[in-house]
Amino acid sequence: MKNWLSTIQANKRLQAIMIGLYIVVTFLSLYLAQKSVIAFLLLLASLLLLYFTTFSNRIKWLVAGLVMVVLLPFAASQGEAYQSYMEVATLVGIYIAMALGLNIVVGMAGLLDLGFVAFFAIGAYTYGIFATSQANNFMPFGHYPLSGGSFWVFIFIGCLAAALFGILLGIPVLRVKGDYLAIVTLGFGEIIRIIFNNLDKPVNITNGAMGLASVQPPKLFGLDFMYPSQFYYIVLVILLVVIFAVRRLEYSKIGRAWKAVRENEIAAQSMGIHLVRTKLMAFAVGASFSGMMGVVFAAKQTFVDPTSFTLLESITILVMVILGGMGSVPGVILGAALVTILNLQVLTELTNWLNQLSLNGVISIPDALSPAKMQRFIFGAILILFALYRPQGLLPAKNPVFKKEDLTDTSGHPPMNAGVQKEGAQHVHLDS
Amino acid sequence: MIEQVLHTLPQVLIDGLALGAVYAIVALGYTMVYGILELINFAHGEIFMTGAFVGTAILLTFSGLGWITSMPAIITLVLVLIVTSVLTGLLGMGIERVAYRPLRNAPKLITLITAIGISFLLQDLVRFITELKNGNYILTGPNLFNKQIGIEASSILSVFNDASVKSSFFIVLGVAIVMMITLDFFVNRTKWGMAMRAVAQDRETAALMTVNVNKVIALTFFIGSALGGATGVLFAVQYGTIDPYIGFILGLKAFTAAVLGGIGNIRGAMFGGILIGLLEMFAAANLPIVSHGVLGAEYKDVFAFAILIIVLIFKPEGLFGKVTVEKV
Amino acid sequence: MSLLRLENINTFYGGIHALKGVTLEVNEGEIVTLIGSNGAGKSTTLKTISGQVKPKSGTILYNGKDITNTPPHVTAFDGIAHVPEGRRIFPRLTVKENLEMGAFSVKDRKVIEERMERVFHYFPKIKERLHQKGGTMSGGEQQMLAIGRALMMQPKLLMLDEPSMGLAPIIVEQIFEIIHELNEEGMTILLVEQNAFQALQIAHRGYVIQTGEIVMTGPGQELLVNEQVREAYLA
Amino acid sequence: MSILTVKNLTKQFGGLVANSNIDMDVEKGSITAVIGPNGAGKTTFFNMVTGVYQPTSGDILLNGESIVGLKPHQVTRKGIARTFQNIRLFGAITVLENVMVGMHTHLHGGLFSTIFNLPHVRKEEKEARKEAYRLLEYVGLESLFNEEAQNLPYGAQRKLEIARALATQPKVLLLDEPAAGMNPKETSELTKLIYNMREELDLTIILIEHDMKLVMEISEHIVVLDHGEKIAEGTPDEIRNNQKVIEAYLGKGAAATAS
Amino acid sequence: GCSGGNKDQNASNGGSGGSSGSNVIKIATQTPLSGGSATLGESIKLGAQLALEEQQANFEKLGFKLELVPYDDQGDPKKGVANAQLIGADKQIFGVVGHLNSGVAIPSSEIYEKYSIPMVSPANTATDVTDRGLKTVNRICARDDFQGPAGAKFAIEKLGAKKIFIIQDKTAYGSGLAEAFKKGAEDLGAQVVGFEGITVGEKDFNGVLNQVLAKKPDLVYFGGLYTEGGQLIKQARDKGITVPIMGGDGLDSSTLVQIAGDAVKNVYMTSAAGLTTATDAGKQFAEKYKQKFGKDIESYSAYGYDSMGVLLKGIENAIKENGNKLPSRQQVAEGVRKVQEYEGVVTKVSFDEKGDNKYAKIYIYKFDEAKYPAKLEDEVSKQ
């Protein structure tokens, strides 16, 4: 087995053939078997396989791009489940971005944040309020709703608003450490939600519990974005930006400062690191990703209400980060994708299937145990199993490994990040 | 304005104390487990909930057998408390064994995941069993201590309105106080309590002192969960109706209380719990009056959390927590 | 008669092979020292004996009993006290409580009091600090407390991992004196030291460990004058 | 000319006086040792100089400028670096990254220039990596640069602390028991390293150490603390023969080894 | 016919053209099957299931096979929307019965509209559900701007309330209803002495009740669901608040009585749901339901049943109009909207141009004893 693996690792051509074959086969099966969730998931899994290959980063990105931009939507678009797959894919993207944001705060800077969804809410409401007639209630000038064209600007506004709140939250709470911080952020998250839920009085800003309905869809060149298949691309672009940003930050002065603060605050300070500023930056950057996605979420749902931003939501995002592997960008992406797909697609499909069986009398399930009601149970069980069998996370964080040549003065000028190689490239864990 | 607040004050205090006592004992459970494993045992709220269900189930069985009327209520209660706390104590130990112990050397936060997983499992399990037996997962137990007792607060100070208390209030408060004193004594004055604290600080070295670490941790979980379960019973007695989802919000509040008091600190948890209960009740009753109608009762949690945050900003180790300047 | 015997012990940390077939022996009433450079496996040897890490293969006999896979709280109960590297004081217990933890398996309060007096006899400084939290003591104070705590167990075999580390010379002197004294009173001692010079001086026998292997053994005085040892460790 | 001047420095922890009215002058370019019994207040002294603790009273002047009240990161920026008695490395990141964290104040990549990977950031990073590697070579850890710091043997961790401190480009370097846990051979290598650093890197070094061989061999000036008070000060020879110091600290044996 | 069903599914998995030749018609239900309001959510599902099963034979004759696909929206809008996408994607689904919560129905129905899947709501009373003018959205129950004022009218005219304290649960439904009631009450000249919110999921409402105590109203109105409602009623009575307490259709559940026990006396409730057992058809339905599922009906069980009935009626009409061939979703949606004078077990149904039911009524109940269902006091039809 080990032998076999190392042969594959050594031979790039073999890898190329295998991954190519895999993509083609899963592509075709999704193309042909339109309703098969399995085919959809398998095609997605090609990205995971790709991650384990030893190709250069550039090739990996290219292939991943091809799969995400062309193959996946195209194969899915051939059939009826298209929009629902794209809906799932879009939500996956949204959650990945949020999880990556939280990963900066929790995974890299080591600040446990249990109220992270607040920033998502801030993004969503920023757009929701101005993209419905709601803003007329308190804005003395302007004519609302703003047109869908403003959506693009709002992505940035949402990003900034969330970052600002990240800093505002950070300034007072950063005196507090460890699990105390967790509870303070939790309190902050709840405060934000409760305020949004109640800001229909004295001035109606958020429309309270009734939520904001009929949020303007984004508009570009006269085209309305209405379908998940369209949002999919918006999310993909933002996600790409986010991943690049995170990657770059991770191996930079800033990323190192975050990790240093996580590992040992006193030593970090003694290295000249401004503790508060570094933590604030983690809060702000993490929050900004959520803010952007909040805007997208509001536009996609066309409806914003406080129930989407509960504590459970924050906890779910945290679960994604921890499950994926704290501090590990690929891990967190995988964690977020898994949890979201599990919740939205796999569990639903599974319960539908069990339901069908029981309605058709194939199996008999007491009503109390009706599969539709057992989703939490199953989800809980899966969480426990994952945690027990992969306590370090699905793809644990890895430190950058440098080549000695790149560190001594004799070498030429390697291209960007050429020196940064993931260790995983050397040890393929196909057994995982 | 002040006058209005004062009118209801006696009643608000009593209601706040009742709720606060419940928070306080649940907070004790959080604090104990946190103290020893530095783990926010998210499942603790669900253990509390399970305790409430187990207790109610026993009570319902008793009343089915006609025992409730034939036995003094207080004896029934003590019996139910004991049985339930033993059961939930064992449940807590089981959870520790299955879901936490294997991860003891794993990164700290991963246990948070199993804790959340256990919460979900317990919620659904209890729901399932109750629904199977009862057809509905909302359960209402028999009334035990329902007598209303009037308190003539107006005779103390004329601005006060009279208040009334359910007799269960005294039970809840009494049991809470007894539990706290016992626990405080146990942890701070006994050998096993010292072992617990030692294990909390350095497991490996505690083992070198002949302490069986697994046993101590299991014991901690047993006590913490037994407390949680017992509180569940008290809760059911005080509020009558329970459902499988009561653990979440209550657990959250209780944890907040534990933090407010200084997590890991037993007196702190107790104090924090009562304080949060009082604050919440006070806010719900008076926020609209004090804010001239701008903030409604629905802001009570904002109020409670804001106080928590303010306290922690000025005293980051919680009200009773000791400042531990790290020795550099 | 040998009190403790390690036979062909192999210990791993994940993929790291830390002990490679270590065999060593400690006789009743002896002071045996284990010297070696950084990362040689000295601490690992002690941890393997006390059960903190489990060897992959090999056997450990103590008092004729196989304790190879015995968990640490049981080996401690059996009379092996291990003073770990880096002191490992319970930082938020008071000094007194730290000492009491050492006598955890003792039920009789009187015995505990007696032993505590004995600790005060060796380390009068500790007595002044009884109610201070362990964590706020200075490095040297903590080291004394750690040894004192182990003495509270009144062990048959006392294993000390670098007891002189970070101590003032005068205290180091004292500590070696105390080790000597304890030994005179009949306690068997396994001493891990960087301070090879002093360790070998008081030891009956010594072992030299290098990257997980015992490379040399002999009476303390003999090793002290051994050319190779001098060059590698005493320079 | 003195680079660091301490006046009347006092620190109390509750009732405990850990440092009491300490006066000290450190010559630029010198190696000064602070010795004293355990609990004498040596580490506390370092903690005040580096801003980790705030003094109860007294003043600390760096090149004539008071640094009391500054936060640790500000003190570092002023040019004082330190190592810790209880090793405080960034355990989960690599040895090379540990050193690069030390360069924090000398790198200029901001949030946006990093995200957009601007050329100057790229260049700076590359240079930083090389510089970090050079520092590792300097202390003799170059072969371990890709290891996680927490997996290093103890002695190597001590050296890494030194390399990391050097990366901040300090003028004054404070070493808290750098030789603890090293055997005599390793200690003598370290002694050479410290000596060389002072010579080659234009440093002023203050060190706390209990290894008298090292202290006496290397330092030009020795300050002795006991119970928070300065009980003696002088050249190694003076200290070695100071009766007070022998009684409180050296003992007869060490006084002998030290000579 | 179980194996047949499986084969169909396999067929559609195998070839992309599978659905076009299929004669399977699936109807989805989307209600909370887990979480706090699952009792009601499930009762709708079961009611709908009963109706569907009864119609299976009928559709078999037309050459179609009916299947039910129950979805759990968990009372969560996000989940509802994601499910709606799944529903939209399943070309064999021709209609949705749901939701329970207006807050979920509103965003989810935006998706149904995109896919032209008709939705018939048994229970969503919020005005925004149909006021957005979606072609696919219909409901057979009344609206909150009818329910609220109707309750207010009763409270003021029949119960003589002048000072009213309103409590609501801060959900889309509870807020909406409470606001509507407030407006109705103020229009009729009553004084609203308090308008406060509580938190769903909590059990202790003494704080707000202390306010009630201080304000001494002569009626307390609660906008919210039975779980909190029951607890609130009990605690109010414990506190000696003896004035009538009134609530909306959210209280309309047997569980309310279970929770509140004797305290439920002197509680009034408006509901969009009629008394199922008032008619013979209703009684029969209740019996069948009990027999099949071993449970008593809930307020909205029959509405689930009737919603499904209306939906199937619309489909049947569409099939017939389409020459007994499988119609398109648009056709079905139009067919459903066109349903007129449908006689359900609890309500007659005719949709107006917005999708509201012309025959929807508000029923006013009173609890005289701890027994469910309560006594029907009054029936209010639209003007």
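The chains carry the letters A, B, C, D and E, assigned in the order they are written, with residues numbered from 1 in each.
One rule holds in what follows: a contact is a pair of C-beta atoms (placed from the backbone, for glycine too) under 8 Å apart; a residue touches a chain by one contact, two chains touch by 3 or more.
Chains and their UniProt names: A, B = Branched-chain amino acid ABC transporter permease; C, D = ABC transporter ATP-binding protein.
As the structure is a prediction and not an experimental result, all values here were calculated from the model.
Listing every chain that touches chain B and chain D alike gives A, C.
Between B-E and B-C, more C-beta contact pairs join the chains of B-E. Distance between chain C and chain E, defined via averaged C-alpha coordinates, is recorded as 74 Å. Chain geometry summary: the mean Cα position of chain A and that of chain B are 35 Å apart.
One finds 73 Å separating the Cα centroids of chain D and chain E.
Shown for chain E are the residues that touch two or more other chains, namely 34, 38, 170, 197, 294-295.
Under the contact definition stated at the top, the residues of chain B that touch 2 or more other chains are 124, 127, 296, 298, 301, 327-328.
Residue positions of chain C touching 2 or more other chains: 136.
Going by the touch rule set out above, the chain pairs that meet are A-B, A-D, A-E, B-C, B-D, B-E, C-D.
For chain D in complex with chain A, the touching residues are 50-52, 71-73, 76-77, 81-82, 84, 88-94, 96-97, 100-105, 107, 109, 111, 114-115, 117, 121-122, 125-126, 129-130, 132-133, 145-146, 148, 164, 167-168.
Those residues of chain B whose C-beta lies close enough to touch chain A in the complex are 34, 38, 40, 99, 102-103, 106-107, 109-114, 116-121, 123-125, 127-128, 131-132, 252, 255-256, 259, 263, 294, 296, 298-299, 301-302, 305-306, 308-309, 312-313, 316-318, 326, 328. Contacts from chain A toward chain D in the complex involve residues 244-245, 248-249, 251-254, 256-257, 259-260, 262-264, 266-275, 281, 285, 397, 399-402, 404, 406-409, 416, 419.
Those residues of chain D whose C-beta lies close enough to touch chain C in the complex are 13, 35-40, 43, 85-86, 153-156, 177, 180-186, 188, 210, 212, 248-254, 257-258.
Those residues of chain C lying in contact with chain D across their complex are 35, 37-39, 86, 136-141, 143, 162, 165-174, 194-197, 231-235.
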